[in-house]
Amino acid sequence: MLFGFPITGETVAYFVLALIIITSGVFLMTLRNVMHMALALGGVFLGVAGIFIILGADFVGIVQVMIYAGAITILMVFSLMLTHSRRKTDEEPEAGGLRGTVTFIGVAVVVGAILLVVRKTSWPVSPTALQPFHQSTVLLIADALFHTYTIQFELVSALLTTALVGAVIIARKEEQ
Amino acid sequence: MIGLTWLVPVLPLAAYIILLASGRRMGEAVAAGISVTAVFVSFLLSIGIVGDVAAHGPAAPTVYPWLQFGSGSAGTITVGYQVTSLNALMLLVVSLVSMLVFLFSRSYMRGDDRFSRFYQYLNLFVFSMLGLVVSPNLLQFYIFWELVGVCSYLLVGFWYFKPEAAAAAKKAFIVTRIGDVGLFIGIILLYLSRGTFDFNTLFGAASAPSGMMIHAAAPLAYAGAKFFSLWYIPFAGWHAGAFVTLVALLVFIGAIGKSAQFPLHVWLPDAMEGPTPVSALIHAATMVAAGVYLVARMFPLFEASATASETVAVIGGFTAILAASIGLTQRDIKRVIAYSTVSQLGYMMLAMGVGAYVSGMFHLVTHAFFKALLFLAAGSVIHALDTQDLFEMGGLRKYLPVTHATFLAGALALSGIPPFAGFWSKDDILTAAFTSGHYVLYAMGLIAAFFTAAYIFRVYFLTFSGVYKGDRHPHEGGPAMTIPLIALGVLATIGGFINTPFAPILGNFLQDQGPIGFNPPANWALMAVSALVGLGGIWLAYTLYRTEEGRAERFAQRAGGLYTLSFNKFYVDELYSLIIVLPVMKIAGIFQFLDRWIIDGIVRLAGEIGYTGGVGVKYSSTGQVQTYGLVTVFGLAVMVLIVIGIGGVI
Amino acid sequence: MALQPFLALGAILFGIGLYGALTKRNLIIVLISVEMMLNAANINLVAFSHFAVTPNVDGQVYALFNIAIAAAEVAVGLAILLSFFRIRNSSDVRDVNLMKW
Amino acid sequence: MADVLLLLILIPALTALLIMALSPKAEGMIRAIGLLGSLVPTAFAIAAYAAFHHGATALQYPFSVRWLAVANAFNMLTLHIQFAFGVDGISMPLVVLVGIVSTLSFLRSFTVTERVKSHYVWMLFLTMGLYGVFAASDLFTFFFFLESTLVSSYFLISIWGGERRHYAATKFLIYRGVASVVLLAGLIGLAYSFAAQAQTASASVVLPNAPNFLTLSIPQLIAEVQLIQLPAAAQNVLFLVFLLAVLIEEAFVPFHTWLPDTHENSDTGTNMMIGGALMKIGLYVLLRFGAELLPLGLQHYATLLAVLGVISILYGALVAIASRDWRRLIAFSSISHMGLVLLAIGSMQAIGIQGAVFMLVSSGLLTALLFFTVGAQADRTRTFTIGDLGGLSKSLPVISGVMLVAALGSVGLPGMSGFISEFSLFVGGFTTFPALSAVGTLGMILAALYLLYAMQRTTFGPVQTLVTEMPDASAVEYVPMVVLVFLVVLIGVYPDVLGNVVHGTAQAIAARIGG
């Protein structure tokens, strides 16, 4: 038994991934070096992708790897390097003790409350928890996206296009 | 003729409208001609009406619905006209005096650049006064009652550019307004208890013994218990007598205001700022007599309450002596006559109060003649001399023979010297007071009669005898002025014979539907006494002003404080301004202060607090998103904890 | 496995992200922290999708939408950041105070 | 003729749109079209008044159009929001009053030279709103137009007002805005309480609007109130809510301070609209919702109404005595007059309710006339301060004369509309509250005091103002004065011209509140 759960492959995977995610998250908060931070960020995203796969959401997991661990992380690293090089004072000590402590307490209370609720609530659970989906989730998702959520899907497309155009316009250098 | 009664007030109204429409374009002669003609026709009609009434008795009122606000007859207000012997008499007097004053004004107002406007107002007044007289119900009466008040306001303030005239007009309106409000309340209470405004139904059928059947305010006993007792005066607990007294006194307050009785007499002398014909018509002969007419019209109401009629009598008697004693010392010729009017109206009220209905009305008629005469004669004097100060006159007998003769007739009538008109009516009143057992009032009346004779002959001697002190060349104002004077002079001389104790023509005429009030029997001794008192007054004036230079001044000095009191009108005006006008103004000022600084101050303070608070809170917006986020997190934490605490989730 | 461990993981990851978003001075790190919070939400969505009484893929679809929108957010956010950096030559959160007072 | 009320609202609105399309330079055109846009509805309103069926108590000229349906708004009931119009004996005279006052205000606005186009647009919208408020037969419609009057008068005050116009306009907006919110709460509470009550009672009573009991339609509510009554407690609470709104809206003491400030800082045309028509809304609300729909509430708070009324009568009159500005004096005078109406509504008598409508119409006409004449003299003398004036009768005989007529009418002189109104109100008052009404009659004396005192210092006396050579009333100025004086005298001499219309409805209401 591991923390009250039977030791199965799944459980072990969960705990390993959870460890990776939380550790990477904490590193991300404490590290200074840009490259190290990028690494930690990748760790968080990859760990989350693993969790998705444990949960049977293979497709979402793959997407997570491709978009977050790949694209967004790289984007962030580039941005960090782009802005980092010009200003050295950026590495001054992060929020002093008081602010950090106060924020920590506040966050801790909220997270503690959520954890308490998570623990105290009796969640209705499906009888077939292990392998809930009879078909490939890709098929199911495709079905949902193109039948139930067609309009939303199209809206998201429009949103992405708009965001890209907007980003280009905002980031473009002003013509002198 | 009675069917044409509506035409009597409508003719002056038509003249008013014509004059109003044509404005200043109309020439003086045309304006005066139209007006005089209209009133003259009214006068002829009135004669016919009096004849009709004498021959056939009064007619039932002719009414038209005017305003409907409820169901049944109680819910419909009507207007119309009614002719009784009392109305008919008043119609005759009003139209007669109006006609003469209209004629007189033609000369008096000649050259005034608002000549036509003056006749407009006069016509409006005559319309209102005649409308008042023919009113078949109290509400219509009140409407015209107010209208005559407004005409008086307009005419007193006719020379608006004189500050005194403007102030006097305002004072006249406001003081009479106080009385009007009393009448207003009285009318409403009468209506609520009787369900009607009609004079005829108001006092019940002729079968009612006292003529008065107000049933104890039963309608006023509405669902009282529902409301706070603090705001609810339970009329239901009053017995009928107390209620009748209350209503009668409220009605009498209206009469006090209009007829310038103490304590609301202060406006009438000031009203002399108006043109003299106005004083003659409105402030002597007609409008101020409306109060007496009101009491006469509501006579059954006063008869039903001994308290109310005693009050009327006492107020009347007191006013008579008070005003007469003030009249003794005034320097302004019009003011003396004005106080004389107040005093004579007091006599009429005294008569009404002691129950002598016919005597009161009789005096009203004779007084209308001789007082209009005195005013017009005074107007003639003022017209000739352009001053109102008695001590700048003198010796006018030579220059103004007609005025002198007619003034003398009027003065003798006022003094109560037989056989002039005033003697018969005033003696009637004094006899009534004596025989009904009001000995104190009789004595007051007698003293007032002595004063009356003294002050009017003081005016006579100062004006007409001796030598002229001014440097003008006084002359008579032409036929338009002298004809009315002569006509009134004749009436003042022989007018009393319409109701001598030996041939009570007027008494029979007024009481054609059965006796009203109390008719004093002829009493030779009392007649002799009043004649002697009148002569005594004349003798006093003669000795003071004709025998020896400066005797009057010495006499005044010996009287000392009394003279000062009388000369300053017993300081009533000053007293009122101290205890009423000043406090009202002060309270108004305090309220204004409260309004601006306390009530509105609180409002503005609330605004200021909001503004200041907003400015203060503004600085907490630092623009640091992370700080906002931190605060939000704590807010969220608190909310979550509260939810967990009250058990909403777990 | 049960639902709770995943929810707990999501809560902790959310907490870390929140802490970062509220304390970090560098705007990019703040953005990264926000991404972590979104990921925490995604974990919850997928977990509910898996452990629901009648399991379905709705949660996964939402997670996909979330990812798409997060991508858009990152794109716009970084664009704003670059623009701001060009003007102020800084990527410090404290310098973003144009909206004060 | 059936849709005449719709025309009353549409014509000003469409005219406003038309003016918006015009060039601001075309001032003459704008004035002409604006005047026409107010004159035509007035003609329609007068025609409707003439054709009004006197005996009937039902709403006349009904018109309604559904606008929006909210399913399951309350207890599975559907809420239909509609634009519905209809007038009865109480609202018909007020609709005509709006027409007359607005047309005359448009004439007066010929003197406005600044931003003419937007002035006329806002005036037209205000006119539309006022018509809508009085012609509405639906709670939503009523509230919609009430808010539109608020917005348009706000702009009229804040753009064309006097020295402290922004202060006054903000105060106006806040006070009346709060009143609107309170009123909205009352209206919602009214509709929902009736719906709940009707649903409960529907088992035993057949209601006119079954099976959908949630209605905003005023005639339906009136039909219901004759069959079922809300519980006394609910009526009392709702009545208090309405009363609070009315007290603010009608500027009763102590919520009155916005009115003098508003009048002091508005131009004359706006003052005529506000004093002549807008200030009648509050008491109309009290009659319409308080007396008609909440009879038990009115009975319960009758004494409170009477006391508040008497306080306003005396307070307004006393402050008016000390007022130094003509416009403030008129404002306080109108507060005093409206206090009398409150007293009479509290009396719950038919004659009191009839008198209330008389007084609303009469004081609308007289206030408009007073503002007009005072404004006309101020065009020439450049001052509203009573103490700075004097002897105006000399140079401005016509304007001074009309001013005197207006003042005497306000004092309650018989032969003019003020008297018959005051008389009816006092008869009602004395029937129920003799002692309070007796105190209230002091207001009659004080009214004579402040108005005649002000007149004495303005038109009488020696000439005070430096400008002595002034032109008297122009042709355009004659029209409002002649029309208003004519109407005031007409109602005074033949009150049944108004009474015939009001009578039936007043009787019906009084019968319901047990008067």
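Order of writing sets the labels: A, B, C and D. Residues in every chain begin at 1.
Here, contacts are C-beta pairs under 8 Å (C-beta built on N, C-alpha and C of every residue); 3 or more make two chains touch, one makes a residue touch a chain.
Keep in mind it's a predicted model, so treat the numbers as computed, not measured.
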item	value
Middle chain, criterion being Cα centroid separation	D
Subunit A-subunit B separation of Cα centroids, rounded to whole Å	98
Between subunit C and subunit B, distance of the C-alpha-averaged centres to the nearest whole Å	92
Rounded Å distance between subunit B and subunit D, as computed from the means of their C-alpha atoms	37
Subunit A and subunit C: spacing of chain centres that average the CA atoms, whole Å	7
Subunit D, residues touching no fewer than two other chains	none
Junction residues of subunit C - those touching two or more other chains	18, 22-23
Multi-chain contact residues (two or more partners), subunit B	630, 633
Those chain pairs that satisfy the touch definition	A-B, A-C, B-C, B-D
Subunit C residues touching subunit A - in the complex, by the definition given at the top	1-9, 11-20, 22-26, 28-29, 31-32, 35-36, 39, 42-43, 46-47, 49-58, 60-61, 63-65, 67-76, 78-83, 85-86, 89-92
Residues of subunit C that touch subunit B when the two form their complex	18, 21-23, 30, 93-94, 96-101
Subunit A residues touching subunit B - in the complex, by the definition given at the top	99, 102-103, 106-107, 109-110, 113-114, 116-117, 120-121
Interface residues, subunit A side, partner subunit C - complex	5, 8, 10-11, 14, 18, 21-22, 25-26, 28-29, 37, 41, 44-45, 48, 51-52, 54-57, 59-60, 63-64, 67-68, 71-72, 75-76, 79-80, 82-83, 86-87, 90, 92, 94-95, 99-100, 103-104, 107-108, 110-111, 114-115, 118-119, 123-126, 128-129, 132-133, 137, 140-141, 144-145, 148-149, 152, 156, 159-160, 162-164, 166-168, 170-171, 173
Complex interface listing, subunit B residues touching subunit A	630, 633-634, 636-637, 640-641, 644, 649-650
